[in-house]
Structure formats: C-alpha cells, structure tokens
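You will see two complexes here that share chain A, one where it goes with chain B and one where it goes with chain C.
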Partner chain A sequence: MLKNYIKLAWIVLGRKKLFTFISLFGISFTLMILMVLTAYFDSELGSHPPLSKSDRISFLNRVVMEQILPDTTRIIDSTAIDGVMANDTTLNIGERTINYSSSSASYSLLDRYLRNVPYAEITSFFSPSQSFDLFINNKKLVFNTLYTDGYYWDIFDFEFVEGDPYRQPAVDDRSPVIVISDAARDAYFGSGVNALGQEIALNRQLFRVVGVVKEISNSKGFLHAEVYLPLTHIQPGILKEPGLMGGFEAAFLSARPADRLKLEAEVARKAAVIPLPDPENYNTLTLQTHTLLEGFALRVLSENDKTVALRWLYSIVGSLLVLFMLIPTLNLINVNVTRILERSDEIGVRKAFGARTRDLLIQFVFENVLLTLIGGIIGLILAIWLIYTLNTSKVLGGVILSFSPSVFVYGFFITLFFGILSGLLPAWRMSRLHVIEALKQNAA
Partner chain B sequence: MIHLQNVNKVYRTQTVETLALNNISLEVAEGEFVSVMGPSGCGKSTMLHIMGLLDAPSSGSVTLDSQDLSTYTNHRLAKFRNENLGFIFQSFHLINDLAVVDNVELPLIYRRQGLSARRKSLAEDALEQVGLRHRTQHRPSQLSGGQKQRVAIARAIVGKPRIILADEPTGNLDSVMGQEIMDILLRLNKESRTTIVMVTHDENIARQTHRIVRLFDGSQVM
Partner chain C sequence: MISHIFKLIWNRKRQNSLLILEIFFAFLILFAVLGVVFFNLDRYRQPLGFETENIWVVYFTLPPGTDSSLLVNTKKQLKTTLKQFPEIEQLSYSSHITPFSNSNSVSTNDHSGFSLQTWLCEADEDFAETMGLKLVAGRWPNAADYDGKYTPVVINQLLLDTYFKDSSMVDKIFSFNGENKIVGVVEHYKYLGEFAKENPLTFFPFREDDLQSPALSIRLVPGTSADFEEKLNRTVQAITKDWEFAIEHYETRRVRNSQEVWIPLVALLVICTFLLVNIAMGLFGVLIYNVSRRRPEIGLRMAMGASSGSIVRQFMLELFFLTGLGLVLGVFFAVQVPLLKLFDVPVSIYLYAGFGAMFIIFTLVGLCTLYPSQQASRIHPAIALHEE
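The block that comes next holds the complex of A and B.
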C-alpha cells in the first residue's frame, strides 16, 4: 500500500509541475525565513559566550529623573432634572509629569548605592561608547573602547584566544593593561601575530596587551569593543562626578535565575533612598533594570517601558511567525482543493472498487507529506546558503548567525503539521464525495 | 443473486421532486446475463448504481447474494463492493496517472491481502484474458477506446467478483470494438458463470444476453 502511495504521489507531483513548484517554493521559502529569523534571534538573545549566564544577568543602563505632580481636574456638568438645573461635578485625581530626564548612570551613583545589592552575586560597572583614533602605517583605525572593572569578566564569559582578562587589583592599581579583540589585533599588529605582551599607545599612554578576545557582534554596545581598558584609566574626574547621570552602566549577576526579579526589586528600592540633586525640578528617581531580551525590545522598538516593549516584541514576532506559516498553508490548501477536485474521477473509481474514506484521506495526505519533505530539504539547503551568505557579506554588521539543527527540526515539524492539515481539509471534503457525483464530475 | 424489492428512488431539490425509479422489483439469477434497456433518463443507470451499492434506494430493499445490505455501514459496503462486485463504465474511468497494470491492480490493493508481486501477477492474468498482456506498462492515454474498455474489464474481473455491473460498456465504441467487448463479457459469463447486468442502448448487443429488462420513466415495462 505504502509503495503504491509513494509511486502515485511521485507521478502526480511530476505531472503537475507548476503546482509542485508553487507548493515547494512556499514550503522551502517559509522554512528558510524561519531558520534565518531564529538564527538571528538566537545569535542576539541566546545563551552563548559572552552571555552564557544571560538568564541570571540584569542590566541597568537607564536612570530616569522626573518631576511628578498631583493633577486634579474638576469637570462640572449642568443638567436639568425635573425642570430644575442641577450641577454634577466629577473630580479626576491623577498625576502629571512636568520634567523628564533620562540617561545612563554616573559612576558615583553606582559606586555609592549599587555596589552591594542583595541577591547580586557579582556586580560590574562599565562605560561603553567611546572611541580612540589610532594611526598605524599611515592608516587610521577607529577603536571602540569599553572601560570596565575586573568583575566584568566574571559576568561575561568572553572567549579568550590569547592570554587572560585583567582582574580587579589591576583595575584598582591603574595598571596599564589592555584586552583587545582578535579583529583589533589583526588590524593593529597584523593577522595572526601574537599580541600578548605587546604595547598599544592610546591617548599618549602605552598599554600592554594581556588578553585577546574573539570579536563579537557590534549590536550589543555593552559587550562589543576593539579595546577593553580598566575603568580607572577613564578621563580624570569622571569617576568623581557627583551627579546621578553619566556614561556608566551596570550588570548584576544573581546566583539563580529565580533571584533576578528579587534583585531588580532591590535595585528599584534603592532609588527611593538616593537623594535627588535638584529636588526643585525633579522629585522622582527610577533606576530601570532589564534583562537581555527586554533590553533588545527596548532598543529595537525605541520604547521607554520594558513591559510594553516586550509585549510589542512578542506580538510582532508572533504575528510574523503565524503569517509566515500561514502563507504556505493557505497556498497549499488552495492549490490542493483545485488539484483534488481535478481528481474526483479517480476518487469515484477508487470508492467504487472498495476504497474507504480513510484510504483516500491517507493517500492525499501522503502526497502532501511527501511534498513537504522535499520542500523541507530544499528549505534546509536554502537556509544554510542564506546564513552563510549573510555571515560572509556582513550585511547584518557583526552579527554572526549560526545554523541551529533544533530550529530546523521544529520548523520542519511545524511545516509538516501544516502540510498535513492543508492536505487533510480538502481531502476530507473530497473523500466524502458521493461516488456517483465524483464519477459524473470528470470522465477520463 | 440480485434481488430488488419495491425499489423507489426519488431525487429532491428545493423545488422539484423527480421519481427516478418507481417500485422496481427484479430478480437476477446466478450466472445470468441481463441487459437493461430504455430511453435516456429512464432510470437505467440509477438502477445499476443501486444494484452496485453506489447509491441507496429511497425505499425498498436490495439483496445481493442473499444478504440484505440496507443496514450496512459505508465501511462494510465498501468491503462488499470490493469482494463481490466489478464495475465497467461507459467512459472507462481509468486513472491516467497509473500504468495499465496498476489500474487493473486497484481492487486488489483495497482487498488488503497478498503481496505486491502476487497482485501484479493476478493483474497480468486479467489483462491476458482481455488480450492486453503486452500493454501492461502503457498509460491509458496511449490506448484506443476499445483497449481502454478492455483494461476496464480486466480491472472489473481481477478480483474475481461474482457480479459485474456494466454501464453502457460499448456506448463509446464503434460496432466492431463494441462486439469485441461483448464477446469478452459473453465468454466471462459462460466460462466463469459471472452474473452480469449491463445497461445498453444497443438492441443488437442486448439481444445477445439471456434476458432484456426494459425501463420507461422509472418503471419496469413488461
């Protein structure tokens, strides 16, 4: 029986070349997009070095100061009751924000109030988004810089291709040490040259290379840099600036993923005890913490509220996925109805000679499954090709996509499910067709 | 072998009610070759479909091989058709995507027994009987009308059914081809005592059978 199904399915698919092409295109294209999208999200948000512990990390990169005042509005309505005018007053008691200011934190805020937050196993402060221009062999190099403390390397597990990170004592001592990325090493010293112990001049000071890390995607400002320096080398004065706002961010590592929310609540509580420098203009301080995913949503959607951003992100990604899966399904259902309708004669004959509804259902669904299998294989090849092309052409900046076999398996089963579904609906309708009707519709 | 008792068939639409068969009672004995004649639309095919369990009567009973089939589920009817009935249609109804031998093998597939090789060999035997042993791998589209009908006969007889129901099997063929088909059916009836009921418009063809049943406006004419 199975052999017959395969044989017939093969013949039918070969005969209806346009139909087969349209269906295969739908299936393989969907799988390809699904694979590449998931690879992108996995690369951005998955637990890979240097973010292997991402489920335990909370980030703080936004300090918000506001002037919030009570705001009461009074609405007076006059109505006629039994011919007599009466006043009806409604009071709306709310709040009004008149001043708003947000930025990353100052080092002194972090150092004074957030050094020992309960539930934080390790706390790291760092300052991204600065750069140095270097000239070497008449060539200008722009090195993005991250000033970090020594704990930074305990939270983010960078892959060191040479040497080791600098530790907190070196930071405290202002040791002239530096960690560079492998891309920076190749650009500065030459490809494949051992950089350990060599020196780089930055801002008229020589730094000794103690470690070389594998370059990571430039989509994450708190991780990506060409050079990593002890934060004590930052311009004099910055570490002692008294305000709450500055160029620093913090990362907190909790002992367990479950402690992350408690930790964030503790950070929020700290905000209440921090005195505001300008109470006449600002009366409320908020320390906004977020996870890697929330941070991604906030960044991509330019939102202020992480809950709203996350909800939007889920809705958009969910809708896109449904849409991507739905398009080939609807396409398949549509094409299948036409295709199976054309074969009503065959259905009639098979029924007359003893085929049961189940036999016909299996036959038509089997054809779809075979089609989906072929589409799946093509989709897999296309996805691998597209990921390779995107990685080598660097269209996505430094984002390196990796092929995930589990995503392929999931995607494939989802497509298979829709393949079965799209075959089942029209096949079920047609297999219930009365024999006489089926035979009358189309005579061979 | 076939027993129709007071069979009526009414087709209803929202506005019209058509009486296709009016109180038909008919007995066909085992090994008998009966032809059914009458003008177009008189209910010949409807009667054949009811005999073949492809359609249900509005009232009355159908007994085949002493079994009252009125209570059978669709599943059991499919099984009964598969094991006891063979059909031949005026327009052949071969599956164009399948080779001749695969078309003939079809009833055996739904019988769910025997290996593929055994089924193939039975199908080739059936094709031998209709003189098409050399055309097993051809597609129906590569055959003439007469050859197509012979394939359809091979398909009808491959499962060795006790009853063959033929709906104008010579209707689409010229007289020479028609007679060839008729000869095969006569031989089948004679050699294996297969009961055959055949609808036809052709008086010459009908006269070669044991008995002619005539219908007019859904009623049997004596």
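The block that comes next holds the complex of A and C.
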C-alpha cells in the first residue's frame, strides 16, 4: 500500500512540474530559514558547553541604585452643585524615581555580601575587562580578557583542547597562569602548535599558558575572551574599591533547577541589608539577577526590566514566526487546492470503485508530506550551507552557529507540521467531493 | 463591468478568500519590513558630522587612586611627545564618551520652569580639529576660554533648533549645571552611530585636571602605514606606565557599529524578497491553472464579441480587485500602529511604508497576471467551445 502511495505521489509530482517547483521552492526556503533560526537560538540559548548547566545558573550583572520618593499629586475637580461651584480634591500617592544609576557590581560588594548565598552550590565572580593589543610579526592582535576566580571553571564547563583550568589556590597565590582560546593560540603561536607551558607577555608581565579552550560565540561577554586570567591580576586597587559599582559580575549555580528562583529571592533579599554609600542621593538598591534566556532578552532589546524584556522577546519572535510561516503555508494551500482540483477525475473514479473519504484523505496528506520532506531535505542542505557560510564569513560578528542534532529534530518536526497543515485542508475539501460531481467535471 | 467582476469573485469565494488572506499577510509583512528599513534609512541620511578615516583613539583606564598631579603631568607629557611625531596631525583628550563607544550621558536641567534636556560630551580645545567637526556658528573654545568667568561650551544645531528657535545663541549665557557661555554651534555630531538618532548635545570642556579616565583621539597624516600602531603602542606604554590602554580605529568602529544595523536589515530584506517571490510564484501557478479551467467561459465571451483586450482587462481587474480587498484589510490593521502610537516613529515613515508596500504588491500581482491573462486572450473561441 505504502509503496503504491509513493509511486503514485512520484508520478503526480512529475506530472505538473511547475506546481512541484513552486511548492518545493517555498518549502525548502522556509525550512532553511527556520532551521538557521533554530540553530541561532540553539547556539545562543541551548544547553551545551560551556553552558551545559544553564538551567541551574543565575547571573548577576546589574546593580541599580535609585532615589525613590513618594510622590503626591493633587487633582482638583471643580463641579457645579446646585449652581454653586464645589471643589473635589483627590490625593494620589505614588512613587517617583529621581536618580537612577546602574552598572555591574564592584568586587567588594560581591565578596562581602554574596559569597555565601543560600541555595548556591558554587558562586563565581568574574570581570570582562579591557583588551590587550599584542604585536606579532607586525600584525596587531586584540586579546579580550576575562578575569575570573577558580570556581568559574566549575560553573561553566568549557571544552579544553589542551591542559586544564587554573583553580582557586592558583588564583589566591596570584600565580602567573592563563587559559587562552584556541583561536588566540592559533593567532599567537601558530595554528595547531602546542601552547601548554609557553609564555605570553601581557602588560609587562609574563604568563604561562596552562590550558586552551575551544573558542565560543562572542555574543556573551561573560564567557567569550581570548585570555582568561586569575582575577587577582586585575589592576591593583580594583579589588579593594569600596563602592557598590564596578566591573564585576557573578554567577550562581544552584543544586537543582527548582532552587534557582529561591536563590534569586535570597540575592534580592541581600540587597536590603547592604548599606548605601550615598544615602542622600540614593535610597534604594536592587540586585538584578537573571537567567540565560532573560539575559539574552535584556541584551538584545536593551531593556532594563527582565519581565518586560522577556514579554517583548516572546511576542516579537512569536509574531514574526507566525507571519513568516503563514505566508508559505497559505501559498502551499492555495497551490495544493489547485493541484487537487485537477485530479477530480481520478478522485471520481476511485470513489466510484468504493474508496472511502478517509483513504483519499490519507493519500493526499501522504503525498503532501512526501513533497514537504523532499523540500525539507533541500532546505536542510541549504541551511547547512548557509550556516557554514555565516560562520566562515563572520557576518554575524563572531556568533558561531552550530548544527546540533536537536536542530535536525526540530527541523524534521517543522517539516512534518508544514506538510500536514498545508495538505489537510485541500485534501479534506477534495475527498468530500461527490462522485457524480467529480466525474461530471471530468467529462467537461 | 464592476458588478460583473463582483459576481465572478463571489462565485469563487472559497479560493479567493485564501488569496485575499495571502495578500493581507503579505501587506502586513511588507509594511513592517519597509517601515523598519525606511526608519533606519531616514536616520542614516543625517550626516555623522565628523570624520573617521585616519583617526584613531586610545582608551585609558586609570588605576584606582591615581595621583592627580601625576595624572595631569602624564597627560601633558603624552600629548607633547606624540605631537612631535610626523605621522600625527592633531590629537585631543576627551572623556570616554566618544564616537561609537556606546556610552552616553544625558541630563535634564529645570531652570525656573524651562526644562532642557541635553546629551553631554566632554572634550578639550583640539577636539574639533582632530575629529573634523563642522561649526556653523562661532568657533571651538581655545585654551584662553578655559580661564574665563564662564565655562565655554559648544552646542549642536539640534539643541539650538529645539530650545532656542530662531535666535543666535553664540556668546550668550546658557545655564546648565552652572553658568556657561556658548562659543560655538556644531552642525552635527552623531557619535552614537550612523543609524542612531541625533539628540540635543552640549560639549563641555575636558580639563587637564579632570580625574576621569581619558580617551585620546589622534588624527593621522593620510597615508600613515599600519605599523605606526606598534610604535604608538610602545610610546604610550613607556609614558603612561601602569595605565591600561587599548588603541582603536574610528573607521573600524564605525563599520562594526553600522553592521549591527545593516546586517539584520539586509537579512530582513532578503527574507522578505523570498517571501514575495514565493507568493508571486504561487499566484502565477494558480492563475495559469485558472485560465485553463475557465477556457469555456472565455471562449463564450469571445464568441459573444469580446475583444482580447477586454479579456485581459477583465482578468487584471478581477485580480486587482481581490488584491484591493486584501490591502483594505491590511491597511485597517496597519493604521492601528500609528493611531495607537505604539512606536516613536514619524508619521511620514508609516505613509512611505504603507504606500511602498501597496505599490510593490500591486506591481507583483500585475506582473503575475500579465502572462496568464494574455494566454486567456489568445484562446480561440471556436476551439474553446468545441472542447466544451
């Protein structure tokens, strides 16, 4: 039976080449875009190294100081009552923010108050910092730096190409050790050269390479760097700066995903006990924690509030996807209706010989799914090609798209969904066609 | 004729409704995409107001607790040393709020009921020359102005137009965080990027003894080779000792900054184009089929004396009418966006986007109908009716 269906579908597809081409073009292009999009979101938000534990990590990279004052507005309504003017006064007591200042945290704030937050299994502090210019053979290399503690490597499971990370004791001892990315190694030492134990001079100090990690997308400032150094090597004085604001961020790893919210509540509670350095100008302190997804929304939309950012992200991506998928689907339905109408004679004959509506329905949907699958394969090939081109041309500015199996699985389901959706309506309409009607149309 | 077309459309309402729906969504997408594109192009049209070619910038990060007299001396020494390099034409200190640095500072001043909001920049006396700023009135402050009673400031044309319309403000006193004297007006200074909105702006002096980490913009003699950067790097390092610094090129920063906008724009346009091609091909296929199905009808009409021109007209009108229905539906929804003031976008952008979208859709539909309707007009009545 199945073999019959395939054979039939193949013949039908070959018969009307124009329609087949139109359908395939639409399907494969739509699926290519959808797959590239999934690859993008997967590489930005998926759980793979160095963010395999992303569902358990909370980030803190924004400290907000505000001066919030009660704000009283007086609304006076004048109404004429029995010809006499009367005033009706309403007092509205609200809040008014006068001063607003936000930045990442200072090391002293994190170190003093957020070292032992309940529900946090591991806590790491780090600072994406200024880059170093290095000159090798008259060529300038820009090395972005990230100053981290030893726990950083326990939260983020970087893939080490060579060697191992430095640990907390090395950080405490100010050991001159660094971890570099494989891209930095290739640029500095030459591609594929063993860099372990070699030295790099940064800011007049020699550092020994103890590990080489696989380079990651540069879209995440808390992960991407060419050089990772123990944070004790940061400019002298920065670790002791007394204020609340500075260049540091924190990541907290909770034991279970469910503990994450409790942890964030604990961090928010900490804000209440931290004394403000300048109480005359600022009276409220907020420590804003966020997840990977919330962080993405905040960054992409340059928003301040994570719930607002998330809502915008969902509605924008959702409506774009719906619109983007609707047009090809409608188009496909349109083309399919026409295609199937052409086959009314075949349907009439089959019905006359006793085929049930369901049989016809299954057959048409099957044909359409087969068509979309072919389109899906073409789309997949196009998507792989596009991802490869985007990655090599660096058009996306260092965002590295990966083609993981999950993208393939998503792609397959998107294809299936498409095929069924666009095949169902025309097939249903046609399968209900009356035998006599169908055969008569044929005669005409 | 019109009522006849109405009837024809109504008779095939099922399939036509799908078409209308498709046109409707196509319009919405096109409206949104063109809106975004026109919005950004509108901003891009405004000149930057400064040059980027052959201008570099060094960003310094001072270690905490840097001694102020040491800071002043080091800054002075660095500037005089670099000035002697034949490769360097002019150089200027400013705060870290520099072109494409993504940092900005805004302040609002309420001066006896007159509320003024301005973006703030700080730069020293050589900044206009280094960056190639164009002054439309007055001049850039010089070192002598710094000792005067009032702080010398420069505003941009937009601030003048926004708050002091129709009056020359040069040499007038301008109250903003104290008393300042406006010495000049710059035409434009879109330091946030080519696609950014220009805002009312005031340049305050960046004094020698300012304790902020400075940025040093350096204008090079055209044709300076890239190896100069290593020499510059060594010189800066030798003089500034433990200051951290990084050298960047404004031109590279400009390209990178603009890429953030135009890459998504191009992606959007490419996707949109493919969607339209998709729609066009679908439409074309359906129309070709329709023509072959309606042969008897066409044959009959021709036998009754309709010219081939009128057949073409009928097909075109039918399609345009359908398209019009889809567009009316689309415009109804699209109009809500400016009416509800969802985005802070000038109304003209919506108009351009709306009419642009309509034009593109009509052109596309026209092109897709042309061939099938011509096919229809070539049908020979005798043959068509014979088939019947």
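Operating definition for what follows: the second predicted complex is superposed on the first by the 349 of 444 C-alpha atoms of A that agree within 3 Å, B and C clash if a C-alpha of one lies under 4 Å from a C-alpha of the other, contacts with A are read in each partner's own complex, and residues count from 1 in each chain.
Heads up, the rule we're going with is that contacts are C-beta pairs under 8 Å (C-beta built on N, C-alpha and C of every residue); 3 or more make two chains touch, one makes a residue touch a chain.
Everything quoted here is computed from the prediction, not taken from an experiment.
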item	value
Partner chain in contact with A:P275 - chain B first, chain C second, else both or neither	neither
First, second, both or neither for A:I22, with chain B first and chain C second	second
Partner chain(s) touched by A:I436 [first = chain B, second = chain C, both, neither]	first
Chain B or chain C, by number of chain A residues touched	C
First, second, both or neither for A:N138, with chain B first and chain C second	second
Contacts of A:P70 with chain B and chain C, given as first, second, both or neither	neither
Touched partner set for A:P169, first chain B, second chain C, both or neither	neither
Common interface residues of chain A - those touching chain B in one complex and chain C in the other	444
Sites on chain A touched by chain C in the complex	18-19, 21-22, 25-26, 29-30, 33, 130-133, 135, 138, 140, 142, 203-204, 235-238, 240-241, 323-324, 326-328, 330-335, 337-338, 341-342, 395-397, 444
Complex interface listing, chain B residues touching chain A	49, 52, 54-55, 74-75, 78-79, 81-83, 87, 89, 91-98, 102, 106-107, 109-112, 116, 140, 155
Residue numbers on chain C that touch chain A, as the complex places them	15, 18-19, 21-22, 25-26, 28-29, 59, 61, 63-65, 226-227, 229-230, 233, 237, 242, 244-247, 256, 259-260, 263, 271, 274-275, 277-279, 281-282, 284-286, 288-290, 293, 296, 388
Footprint of chain B on chain A - complex, ascending	1, 3-4, 7-8, 11-12, 15, 345-346, 348-357, 359, 434-436, 439, 443-444
